[in-house]
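One chain, chain A, links the two complexes that follow: it is found with chain B in the first and with chain C in the second.
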Partner chain A sequence: MLRASLREISAALKEGQVSPVELCQKYLALIKATKFLNAYISVTEDIALKQAEASEKRYRKGQRLGDLDGIPVAVKDNFSTMGIETTCASNMLKGYIPPYNATVVQKLLDQGAILVGKTNLDEFAMGSGSTDGVFGPVKNPWSYSQQYREKCMRNSSTSNEELSWLITGGSSGGSAAAVSSFTCFAALGSDTGGSTRNPASLCGVVGLKPTYGLISRHGLIPLVNSMDVPGILTRCVDDSATMLGVLGGHDPKDSTTVQDPFHPFQIPNITDTSQLCIGIPKEYNAPGMSSETLAVWSKAAGLFEKAGAKVVEVSLPHTCYSIVCYHVLCAAEVASNMARFDGLEYGHRSSADKSTEALYAATRREGFNDVVRGRILSGNYFLLKQNYETYFIKAQKVRRLIVEDFAKVFSSGVDVLLTPTTLSSAVPYVEFIKEDNRTRSTQDDLFTQAANMAGLPAINVPAALSERSLPIGLQFIGRAFCELQLLTVAKWFEEQVQFPVIQLQDIMDQVDAVSQEEKSASFP
Partner chain B sequence: MAASAIGCSRRWFRAGNFNFGNVAEPRCWKSLVLASTFFRSASKTAGKQNRDVPWAAVVGLEIHAQISSNSKLFSGSQVQFAAPPNSLVSFFDASLPGTLPVLNRRCVEAAVTTGLALNCTINKKSLFDRKHYFYADLQAGYQITQHRLPIAVNGSLPYSLCTGKNQNELVSKTVRVKQIQLEQDSGKSLHDDTGHQTLIDLNRAGVGLMEVVMEPDMCCGKEAAAAVRELQLILQALGSSQANMAEGQLRVDANISVHHPGQPYGVRTEVKNINSARFLAKAIDYEIQRQINELESGGTILNETRAFDYKLGCTIAMRDKEGKQDYRFMPEPNLPPLILYDAKSLPTHTSHLQVVNIDQLQEQLPDLPSVKRAKLVERYGIQPQHSFTLLNEDGLIEFFETVIAATQMNPKKVIGWILKDVLGYLKQYNVMVEESPISPLLLAELLNLLESGMISSSAAKQVLEIMWNGEGKSPTLIVKEKKLELIRDQNELEHICQAVMDGHQKEVEAIKKGNKKVLNKLIGEVQRETRGRSDPVSVKQILEKQLLLQPTKKNP
Partner chain C sequence: MWALRVSSLARAAFCSRSGNSAGLSSVPPFQEDGRGRKKVTLELLDHLERLALVDFRNQEGVERLEKAIEFADQLLSINTDGVEPMDSVLEDRCLYLREDNVTEGNFAEELLKNANQTLEEYFIAPPGNIPLPKLEDRDTFLQKKKPSADMLPLTF
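The block that comes next holds the complex of A and B.
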C-alpha cells in the first residue's frame, strides 16, 4: 500500500480500504524513519493529522473533494505556505511564516491533499545537488537501497556508508527523495534550469516541468521569474498527469499564466507509435556523458524505432551557448529578486545598526550563503549600464536563438525530443563537493536548462539502473502546451522499460513493525 | 514641431557678488532676497562689470502625477491619503517573497487618457522594467517602471503665460512632452533623528504614478510653473490625477542648466521633489541664478542632484547616495508586454473588460482647459485672461456661471465683480471658492439690485463687504436695513447737491473757469454725503444744471 501510486491510493481511499488518518500516520512514521535522508526541513505533523481527520469526515459523508483527498503530499520549501515556516533553506528566511498560500499549494489543499511537510533544497534553489542549503545536504534514498548496498559490499572501497552515500541532485532534492522513499505520493518541486528533472533522474522518479505559463508561480519564491515553473515529482507518469490536472490553469494572481482554458486529462493507454516522430538532438551527445547514460539513451531510441516510430537525428545548433546564456540571465534575475531581502520587512535582520546601509550589508552577508551572494554579485555586474549590452542583451538574443532552434525542430515534424537528463547517475557526496556549485551546475543543468530557456514542457522518466544499480533517467521535451502528447509518449516509454522499484525493505519493515505493535492500522 | 517655436527670450545675468559658498547656511535666504532685487538691475550691474554677455537658462521637467484610482498599480490595496500608517499594505506591497504584480486596468486608462490629452502617440505595446536601488521605503529593492518602451510618447503641452506690466498680456507657449510612463510610487520614510531610527509607512508604496517627462523647452521658473499649472488643470479635468501638490499627488523634478546663447547647453543639475506650487518658480529661478553666479565667479557646475529647501529658500546638493547611481535596469519578467487596442485592432472574442480601447477613451475625453477657456470667451464675451483666472481657481467657473444664470447683468460686467471683488476677498483671507461666505445666488441678487438701479455701485460694494463679513443676510435685506437704496426723490437730491456746492465754493469756481474735471470731486462729495445712495449720473446732471443756474461771482 505504501508503494502504491497516487491513482491506486486514491482508489483505495474511495473504496474505504484505507482511511486518510491511517494513511497519514503511516506516512508520518515513514518520514520519522527516514529522517536521516534530511528530505524535509519541516514536518507538519499536527497540521497533517488535522487535515487527515477532516478528510476522513468527508469520506464518511461521501463528500470527497477530489482525487487527492486524503493523500499525503510534500511541498518544496520555496513555496509559500500559510502559517507554515518557509525558509528556502536560507538563514535569510529562517522563521519566516508566510501569511498566504502559493496558488499551487492552495489548489492541492482545495482538493483535500494532506501536506506532510516542506522539503529540503539548495539555498533559494540555487544548486544541482541539494547540498548547499543551510539545513545540510539531502541523501539519496538509493544510497540505502538493497540494490545499491549489495553492489557497494562487493566493492570494498565504497562499502563505507559515510563515503558512499549519494546526492539526490537538485535543487528539489528533498522532494525527489521524499517521493522516492515513499514518504509522500507526490511532491512539488520547482524547475528553473532542471531543478525538478535533475533530482528526479538521480532518485529514479518521474519529474515533470510543465510549459511556462501553464501553472501559477504565485507564491513560489522566485529564482528566475522568466524560467521558474512549479515542478511535479511522482512515482509514475500517470500520477504526474493527475497532479497537473489539479495544478494547471490561469491564475489571475500570475499575469504570466495563459488565459486559455486548461483541460485536465488522463493519459490514453495505447499510442499508435508508428505515427510518432522522436527527435534525437545530436548536440546532446556531450563530452562528460557517462557511457552508461549514452547506452541507455541509444537503447531508448532503439525501443521507439522497433515499435515503428520514426526516430530522427535533429540539430539544435545553439545548444552549446545555452548554459552560459542561462547563467547570465539567471544571475541577473537573481540579483534583482534578492534585492528585497534587506532585513526590514521580514526575514533575518542583522543587529548591525550603525546605519541603514550597514544594516543591509550585514543582513545580506549573514543571510545568504556564498553561492547566492556570488550570483547576486555577478548578476549586478551584468546589469551595470556599461555591461548591459554585452551580457544581458546578448544573452537574451542567444535565448531567442535557442527558442528558434526548438521551434524549427518541432515544425519539421518532430513530436517529442529524447535526451539524457543528466550526464551520469548520482555521485557520492564526497565526490560531488570536490567541485564548486557553479561548476557543478554548469555540468548538471546542461541538458535541462534549454527547456527552461524556451519555456517548453519536459519530463524525466526513469529508464534503467546503472552498473552500480543507480537510476538513469531520460528526458522528453515536448511542444509548448502539448503536455498530453509529451506524457503519452513518456507513459508508453515507462511501460516499456519497467524501471525496478527501489528496495528499501529494511526501512519499510521497521515502520511496519512499529505499526503492527501499535495495532493502529491494518493494511490489506 | 519646430524647436524654434519654443524659444525663450528671457536672458539672465549675474545676480551679484555675494558668496554662495555654503548654501546650507541660513544666510542663503538673505541671498535669495538680494538675488531677486538684482534681477531688476541686472543688466546695469553686469554692464558695469563688463560682464554683459547674457545667460540663457534651459529648464526641463519630470513630473510625477499620482493616478487617481481606488487601488494601487499592481495590487488590490486601497489608495487613500492620510490613512493610518501601514494600513493599506497588501502582501505584494510589502514585497513578500513569491508575490507577483497584477496590472490595474484603471491606471492604464488614466495614463492613456493623459497621453491623449497631451497629444501623445500612444504605444500599442509598452513594457515594464525594474529600476534597482536600495532605500528603506523601496520595499522590493526595485521600482517597476517603464524604461525602454513607455505607454505614451512625443506629445505637447500648450500653455499660456501672463506677462506685461499688469500681467494681462497672454503669451502662448508649448512644451514638448517626451513621454509618459507608468510606475510605482515608493513608501514614505520618517526619520527620527533623536531616536536614531527610521520609520517606514508603506501605504503609498505601489500607488500608480504617471511620470510625465517634458523636454527642456522652458527658460525660467515662471514658464515652468505655468506649464505645471496647465498640466495640473488637464489632469484634474481628466480625473486621471487629483494633482494636489500639497498632498503629494503632483511632484516636480526640474533639470536646469545655463549657457550663453549660441553656445552648447551647460552642465545640468536636477532639483528634486519640488512639492509646492508656491515654490516651484522660486526654486528654479534660484537654481538658475546659483549656476550663473557659480560660473561667473569661475566655478563649475556639477551634474548633481539638489533639493530645494523651503525654509532656507535655496537648493542644496543631496548626498551622493541619493543622487546619481547605476539603477541596473532589467525587464520586469512577471508582467507581459502591455498591449493596447484601437477600434481596428480590437480582438472580437475578448471581453471588453480585458482590453483597453484607445479610440473609446479618445471619444470619452472631457473638455480640456483650453477648450473650456475658449468656450467661456465665446459664450460670455469675456477677456481671454479672465478665462484663465476663472479656470485657475477651483470652482470659480461654476460660481461665475451660477451668477450669470441668476442675473440680468452683462457677463462682461459680472466678471469684474467676481474676479476683482469676490476673488479679492477670497485671496485676501485665503478662502476656497466653495467656502465663500458670499454665495453666487446672493451675489446675483446684489448685482440685480445694482442693475435695476435700486442701488449705486458704491453702495453695492458696501453691501458686498457686509455680505463677506455677514451671516448670510440677503443683499435686499442689507440694503433695507442700512438704508442704501438710491435716493429717488429728485428734490432731495437737488437739495443735497446744492448743499455740497455751497460748501465747496472753491471747486465751483474752478469748474466755472473751465476745469471740468473738478466736477468729479463734487460728485464724489455728494456720494459721500449720501453714503453712496445717489446715482452718479443723476447727480452729475443735477450739478451741471445747478452750476448753470448759479450766478458767477465777479472777480474783484
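The block that comes next holds the complex of A and C.
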C-alpha cells in the first residue's frame, strides 16, 4: 500500500480499504524512519493529522473533495504556506511564517490533500545538487537501496557508507527524495533551469515542468520570474497528469498565467505509434555525457522506431549557448529579485543600526550564502549601465534565437523531442562538492534549462538502471501547452521500459514493525 | 538502427566553447592577467558592493565574479544582428490585468508579525539617506585588497 501510486491509493481511500488517518500515520512514521535522508526541512505532523481527521470525516459522510482527498503530499520549502515556516533553506528566511498560501498549495488543500511537510532544497533554489542549503545536503534514497548497496559491497572502495552516499540533484532534491522514498505520493518542486527534472532523473521518479503560464507562480518565492514554473514530482506519469489537473489553469493572482481554459485530462493509451514523430536533437550529444546515458538514449530512440514511430535527427543550433545565456539572465533576475530581502519587513534582521543602508548590507551579509551572493553580484555586474547592452540585452537576443530553434523544429512536424535529462547518474556527495556550484549547475542544467528559456513543457521519465544500479532518466520536451501529447508519449515510454522499483525493504520493514508494536501496545 | 546512429553523432556537433566561426562579431579587448584571466578593478568591486548591498566576503568571492564574467563572455561571439531581445515567452499574448478592485486587505497586524522591530503600525528602520561608509571605513574584505600590479584596469 505504501508503494501505491496516487491513483491506486485514491481508489483505495474511496473504497474504504484504507483510512486517511491510518495512511497519514504510516507516512509520518516513514518520514521519521528516513530522517537521515534530510529530505524535509519541517514535518507538519500535527497539521497533517488534523487534516487527515477532517478528511476521514468527509469520507464517512461520502463528501470527498476530490481525487487527492486524504493523500499525503509534500511541498518544496520555497512555496509559501500559511502558518507554516517557509525558509528557502536560507538563514535569511529562518522563522518566516507566510500569512498566505501559494495558489498551488491552496489548490492541493482545496482538494483535501494532506500536507506532511516542507522539503529541502539548495538555498533559494540556486543549485543542482540540493547540497547548498542551510539545513545541509539531501541524501539520495538510492544510496540505501538494496540494488546499489549490493554493487557497493562488491566494490571495496565504495563500500564505506560515508563516502558512497549520493546526491539527489537539485534544487528540488528534498521533493524528489521524498517521492522516491515513499514518504509522500506526490510533491511540488520548482523548475527554473531544471530543478524538478534534474533531481527526478537522479532519484528515479517522474518530474514534470509544465508550460510557462499554465500553472500559477503566486506564492512561489521567485528566482527568475520569466522562467520559474512550479514542478510536479510523482512516481508515475499518470500521477503527474492527476496533479497537473488539480494545479493547472489561470490564476487572477498571477498575471503571467494564460487565460485559455485548461481541461484536466487522463492520459489515453497510444494505439497507433506510427503517427508519432520523435525528434533527436543532435547537439544534445554533448561532451561529458556518460556512455551509459548515451546508450539508454539511443535505445529509447530505437524503441520508438521499432514501434513504428518516425524518429528524426533534428538540430537546435544555439543549444551550446543556452546555458551561458541562462547564466546571465538568471543572475540578472536574481539580483533584482533578491533586493526584497533587507531585514525590515520579514526574515533575518542584523543588529547593525548606523543607517538603513548599513542594516541592509549587514543583514544580507549574514543572511545569504556564497552562491546567492555570487549570483547577486554577477547579476549587478551584468546590469551595470556600461554592461547592460553587452550582456543582458545580448542574452535576451540569444534567448530569442534559442526559442526560434525550438519553433522551427516543432513546425517541421516533430511532436516531441527526446533527450537525456542529465549527463550521468547520481554521483557521491564527496565527488560532487569538489566543483563549485556554478560549474556544477553549468554541467547539470545543460539539457534542461533550454526548455525554461523557451517556456516549453518537459518531463523526466526514469528509463533504466546504470551499471552501479542507479537511475538514468530521459527527458521529453513538447510543444507549448501540449501537455496531453507530451504525457501520452511519456506514459507509452514508461510502460515500455518498466523501470525497476527502488528496494528499500529494510526501512519499510522497520516501519511495519513499529506500527505492529504500536497496534499490539494499544490493544493488549 | 537508431542505436547506432545516435552513438555515431559526432561529439563535435556541440559547438566548441572557444569556437569563432565566420561572421561572428568581434569581441571587445579585455585587460587580462598573465594567465589570460580577466581582472576587475577595486573601484568596480567597491561599486558593486554598494549597488548589490552584499559584500564579496573573500578573494574567492572576487574570483567567482571573474569566472562568471569569463563564462558570460561566450555570448559576445554570437551573431545577433537584427534579433530583437526577448523578455518573456508570452510576449505575443495580452497580459492579464484584473479589475482594479480591492479584494482583500486589513492584514496590517498579520504582516507586521513577521518583522523583527515594529512600533504601533510601523516597521522600524535606522536613519535613512546615509550612504554606506567609504571602502576604508567599511567592514569589507576589499579593504585588504590594496591595488597592485596584477590589478589592471578593465576597459569598458
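Points worth noting:
The rule is simple: the second predicted complex is superposed on the first by the 518 of 524 C-alpha atoms of A that agree within 3 Å, B and C clash if a C-alpha of one lies under 4 Å from a C-alpha of the other, contacts with A are read in each partner's own complex, and residues count from 1 in each chain.
The definition used in the following text is that a residue touches a chain if its C-beta (ideal position, glycine included) is under 8 Å from a C-beta of that chain, and two chains touch if they have at least 3 such contacts.
Treat the numbers as computed from the prediction; the structure is a model and nothing was measured.
By the document's definition of touching, both partners, chain B and chain C, reach A:Pro252.
Of the two partners chain B and chain C, more chain A residues are in touch with C. Applying the stated contact rule after C-alpha superposition, one finds that A:Glu357 touches each of chain B and chain C. By the touch criterion stated above, A:Gly219 is placed in contact with chain B alone, chain C being left untouched. Legend: residue contacts after superposition of the two complexes on their common chain; A:Tyr388 is shown touching chain B, with no touch to chain C.
Using the contact criterion defined above for the overlaid structures, shared-chain residue A:Asn380 touches chain B and also reaches chain C. By the touch criterion defined above, A:Tyr346 reaches both chain B and chain C. In the superposition on chain A, A:Ser80 makes contact with chain B only, not with chain C.
In the superposed model, A:Ala102 lies in contact with chain B only, and not with chain C. Touch criterion met: A:Ala335 reaches chain B and chain C at once. Where the contact sets of chain A with chain B and with chain C meet, they give residues 96, 99, 226, 252, 255-256, 335, 342, 344-346, 353, 356-357, 360, 380, 384. For chain A in complex with chain C, the residues that touch the partner chain are 96-97, 99, 212-213, 226, 250, 252, 255-259, 280, 282-283, 285-287, 294-295, 297-299, 301-302, 304-305, 311, 313, 317-321, 324-325, 327-328, 331, 335, 342-347, 349, 352-362, 364-365, 368, 370, 373-374, 376-382, 384, 386-387, 390-391, 393-401, 403, 436, 438, 442, 454-455, 480. Residues 91, 94-103, 130, 132, 134, 136, 139-142, 196, 198, 200, 321, 326, 328-330, 333-336 of chain B are the ones that touch chain A when the two sit in their complex.
Those residues of chain A that touch chain B in the complex are listed here as 79-80, 88, 93, 96, 98-100, 102, 217-222, 224-226, 252-256, 332-333, 335-336, 338-342, 344-346, 353, 356-357, 360, 380, 383-385, 388, 392.
Listed in rising order, the residues of chain C touching chain A in the complex are 1-7, 9-11, 13-15, 17, 28, 44, 47-49, 51-57, 60-61, 64-65, 67-69, 71-72, 74-76, 78, 80, 83-90, 93, 95-98, 107, 110-111, 113-117, 123-128, 130-133, 139, 156.
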